[in-house]
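Look for subunit A in each of the two complexes below; its partner is subunit B in the first and subunit C in the second.
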Partner chain A sequence: MTELNTAMIEQYRNSFLQEVEANVEEGEWVKMCMQCGVCAGSCPLGNAWEHPPQEIFMMIRAGKREAVLSSDSMWMCTSCYNCISRCPRGLPITHIMHGLAHYAQRLGLVPKNQPTQRFAQMFWQNLNKKGRVNELKLGLSLYFMNGFGEGVKTSLKMKDIGLGMLKTKRMAVTEAFGGHGVKDLSGFQKIMKKAHELEDARIQKSGN
Partner chain B sequence: MTEVIATNQTILVVGGGISGLTAALEAAETGKQVVLVEKRPFVGGRITQLYKYFPKLCFPTCGLEINQRRAKMNPNLTIISMAEVTEVQGEAGDYSATIKISPRYVNENCTGCGDCTRAVEAEFDNEFNYGLGGMSKRKGAYLPHKMAHPQRYVLDPRIIGTEDADKAKAACKVNAIDLEMQEETLTFKAGAIVWATGWRPYDANKIQPYGYDRFANVITNVEFERMADPQGPTGGKLLRPSDGKEAKHVAFIQCAGSRDHNHLLHCSRICCMATLKQTHFVQDAWGDDGKSTIYYIDIRAIDRFEDFYTRVKNNPNVSFIKSKVASITENSENGNPVLHGVDVESYNRDGNGGYDRYATEYDLVVLAVGMEPSVDKGTFPVDISINEEGFIEPAPENGGVFAAGCASDALDVNRAVQQATGAALRAIQVVNRVAGTEGQ
Partner chain C sequence: MAKKEYSFYPGCSSQQGASSSNMQKSVETMCEELDVTLNQIPDWNCCAASIGYGGGGELPRLTLSARNIALSEQHNTGQDIVATCAACWLATREAAERFHEDDGLMAETNQALAEAGLKLKNETPIRHMVEVLIEDIGYDTIGGKVQRPLEGLKIAGYVGCQTNRPFGIAGESFENPMYLDKLVETLGADPVKNYDKKVQCCGGALAFSEPEKSQDMIKTIIESAYDSSADMIVTPCPVCQMNVEIYQDQINQRHNTKFKMPVVYYSQLMDVAFGRSAKDSALDQQVIKAGKLEALAKK
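On to the complex of A and B.
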């Protein structure tokens, strides 16, 4: 159990709703849900979710902290925004799902090997290096995410598309060696450092 | 030319639906001079298009008959139909109202014999039946409905200048048809104004996922009401629009466009009771073969309506599913609408956790659309306080203008009539004050 997780349990012993409101992006909207179910019914991946959004909102209000934060449901959201556009109460459901996923990640409660989480982490690390996403490296690390054998198989399957992209200059082999970045890399790194400090301070404050 | 004798002690009532008619009659029966201006060719408004009232399941024609008789007998009441108020100036006790009267092309000689209808050939969608107007057309010369008051025919402006207009004129034995009739503008005085412009059903086309514009067998509650009426487009039979098949399995979708951040913010108050009432129509038509399913967020049947709700709930042919339907598709083979969504009370019903997702077919789907004010916000010809939903607020700065019925809020008939009586009293107080200062 991470230190932050222990601190948060202590802080919000009896109200998971308050914890969500204080720490999750757009979390203050959760209490507005009226349980009509239109989000669950509108979700194109709805049957792949263990807990659809309206159920997650109810679980938050019922204090099911562990069950919500260690759920893989919010990681299934593909940001299609169907739920947001249909919600009669105007809840930013997509954003709340991403907020919950991010919060669970910070607390170290994400289920092991959750593929969306792993890809998100990969994307983030890739982006952080040069301030730009290196698509060649990101694509390759995605192919090899589940081991060398599967990586080779996927690469072979995709080779025609890859060659086509090379031919039309949508991808360059040179990207494999370093690759291009933003003009002011140190400026970018400063921005990221500052953003981390602000976020840490915010969470720290709310955890005390 | 239409003439109106009006003074600062006259009460102007705008809108002749059940609220306006009630306010006008109550005021006229206390001895006040009242001018009632109605946009349509007849009074009674939307209640004339209802089949039955809740909760007594009695016929609106009954109360309408009483009110129309009161109107005919009262010399203090002047009804101007096919007219709209275009401008109001002045202040409480001294208003000047301008109205625009559309030509009816039929004068007061009309005896209601119907010879003109038989003579003309052109047919149009019957607006009296809302979106089902195409299922039974009306002629270019017509009586809007059997009990219409004034009992006088109307020529559709679209036949003017055609042979049909001449045929109608030739057929009339009492010289009631006047093809030279023109639009008139009239200005007269009033001391107080009762604003009773009422409501209109929310435009179901705006609820994109429900496909009202795409699927013939998705209709609105006001259309279902017309369907159940023996005077309606199907002669009272519940037949679906696409193929005339008997509609035995009917789904009702509550809050269609109401209590919704994307549509109407308010609860329209009547739709729950209207749907509970309409399940009786299904039951009465088909007995145990008729099945109604109500998809709801929560049922709002207040005070004595709770008994009505309980009775419907006890009917084994009516089921309730707590769910806001996500979307409707159509089974292209049989034209059945298919409802998609999640039953939010089904958690772990089968013991495997999770909620039940449904994709259920029905013969017919009825959208319980709500009420919106019939006058668009910002187009009121008089300076009064309008709230966020477009209803008139009871504000002091409204002066001598008082809202009655659904112009003030979403109300059922019972409450609209009570509210209109109150509005009449407020108007009477204003003209009494004028009478006092004028020494009468």
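On to the complex of A and C.
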């Protein structure tokens, strides 16, 4: 269990709702859910969610902290925004799901080998390296995320798709060597470092 | 026609050798024809799309967009920001709105930007290219530019998610937007009436991490186009275009289907209709060739 997780349990002993309101992006909206279930019915991957959004909102109010944060439900969000556009109360559900997913990751509570969590993390690291996404490296790191052997197998399976993209100049081998990026990389990285520091400090403070 | 200028945010996948470089090429051609100048935001960075939240949280993720808006306000002062990528548009506009609502976040992002001498004023409208076409240029002007009507083509207008929700195009409904059909009609082609999968999710970034779940959804998008005897699908979104086009062989293998449905951008239809060549319209960058459109481009 991470130190931050322990501090948060200590700090918000009696109210998981308050913890979510204070620390999760758009978390202050959770209590506005009226349990109609339109979000669950509107979700394109609804059948893949262990707990649909309205259930998660109720679980937060019921203090089911671990069940919520260690669920892989939020990681099933495709960011289609159906739930947001249909919610009668205007809850920014997509963002709350993203916020919960990020908070679970911050506390080290994500289920092991959750593929979308791993892909999301790779994507974030990839874009931060040079300020822009390197699609070739992102694809390769995804294929090889479970080691070399499986990586070769996945690459073979994806070979035709890769060749199609190469032939139509929608993938470039040159991206393996350097590739696109921002010119003011040091400025970019200073900005991102500061943004992380400020956000970490805000959440750290909340746990004390 | 008066020349129009915008501050342009192309996004990572529009770069040379990237997955939607075909959209970029066809948009450049389209803008030449419509006398629109796109001034790139100098040194723009990635917007984190809709999958950056895992590692990026709130402030670092939104600060990516803050840097782009700040650069645009500094270098392309007074110009609206225009994006062609649905995720770029959504992320940037979302960030701008959040900074308007939350003074604390606004102060923090400016503290971060100050590390590189930048400042966000957040006074710039963030728009999608489709808004420029509909609101600033208009169907009539577009129709007036058509030299080669796309007669005989039946086209399924696939709007997808992020061009449509949560912001969408003013005056259009989230559930049944009509602008793509109207555009198809303006270009002389035949839009599929009642294309029921027009706003169905393709899986977005989860096409990478949950391929089977996503491909099941993609299958329905293509199936419905076949059911309406469409010759091709048209979309404004680069993630939709790629997801619906490139996995058809894998879907065929898994489901014993025989899909070979071309998926093109609205800008490619416009280029051909405006009289431009297949190459200018980036039709050579289709993984599944849009044969009927190519044939028209040769006329």
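The definition used in the following text is that the second predicted complex is superposed on the first by the 205 of 208 C-alpha atoms of A that agree within 3 Å, B and C clash if a C-alpha of one lies under 4 Å from a C-alpha of the other, contacts with A are read in each partner's own complex, and residues count from 1 in each chain.
One rule holds in what follows: a residue touches a chain if its C-beta (ideal position, glycine included) is under 8 Å from a C-beta of that chain, and two chains touch if they have at least 3 such contacts.
These figures come from a predicted structure and were not determined experimentally.
Participant: Report clash or fit for the pair subunit B and subunit C bound to subunit A in the combined superposed model.
Facilitator: Aligned through their shared chain, the two binders fit side by side on subunit A.
Participant: Specify the partner with more touching residues on subunit A, choosing between subunit B and subunit C.
Facilitator: C
Participant: Looking at the overlay, does A:Ser85 come into contact with subunit B only (first), subunit C only (second), both, or neither?
Facilitator: A:Ser85 contacts both subunit B and subunit C.
Participant: Quick one: is A:Phe123 in contact with subunit B, with subunit C, with both, or with neither? Answer first, second, both or neither.
Facilitator: The second partner, subunit C, only.
Participant: Please work out whether A:Asp184 is in contact with subunit B alone, subunit C alone, both, or neither, and reply first, second, both or neither.
Facilitator: second
Participant: Touch check for A:Leu198: first (subunit B), second (subunit C), both, or neither?
Facilitator: second
Participant: Where does A:Leu142 make contact in the superposed view: on subunit B (first), on subunit C (second), on both, or on neither?
Facilitator: After superposing on A, A:Leu142 lies in contact with subunit C but is clear of subunit B.
Participant: Once chain A of both complexes is superposed, is A:Pro115 in touch with subunit B (first), subunit C (second), both, or neither?
Facilitator: A:Pro115 sits against subunit C, while subunit B stays out of touch.
Participant: Just the number, please: smallest Cα separation between subunit B and subunit C in the overlaid arrangement, in Å.
Facilitator: 6
Participant: Which residues would you name on subunit A as touching subunit B in one complex and subunit C in the other?
Facilitator: 85-86
Participant: Touching residues of subunit A toward subunit B in the complex: what are they?
Facilitator: Where subunit A meets subunit B, its residues are 34-38, 40-42, 46-47, 50-52, 54-55, 85-90.
Participant: Mind pulling up the subunit A residues that touch subunit C in the complex?
Facilitator: 25, 44-45, 48, 76, 78-82, 84-86, 94, 98-99, 101-102, 105-106, 115-121, 123-125, 127, 131-133, 135, 139, 142, 160-161, 164-165, 167-172, 174-175, 180, 182-184, 187-188, 190-196, 198-199, 202
Participant: In their shared complex, at which residues does subunit B touch subunit A?
Facilitator: Contacts found on subunit B: 209, 255, 259-262, 297, 322-327, 340-344, 347, 353-355, 357.
Participant: What residues of subunit C sit close enough to touch subunit A in their complex?
Facilitator: Within the complex, subunit C contacts subunit A at residues 12-13, 15-22, 43-46, 48-60, 63-64, 67, 108-109, 111-113, 115-118, 161-162, 165-166, 168, 174, 200-201, 203-206, 208-210, 213-214, 217, 246-247, 249-250, 284-287.
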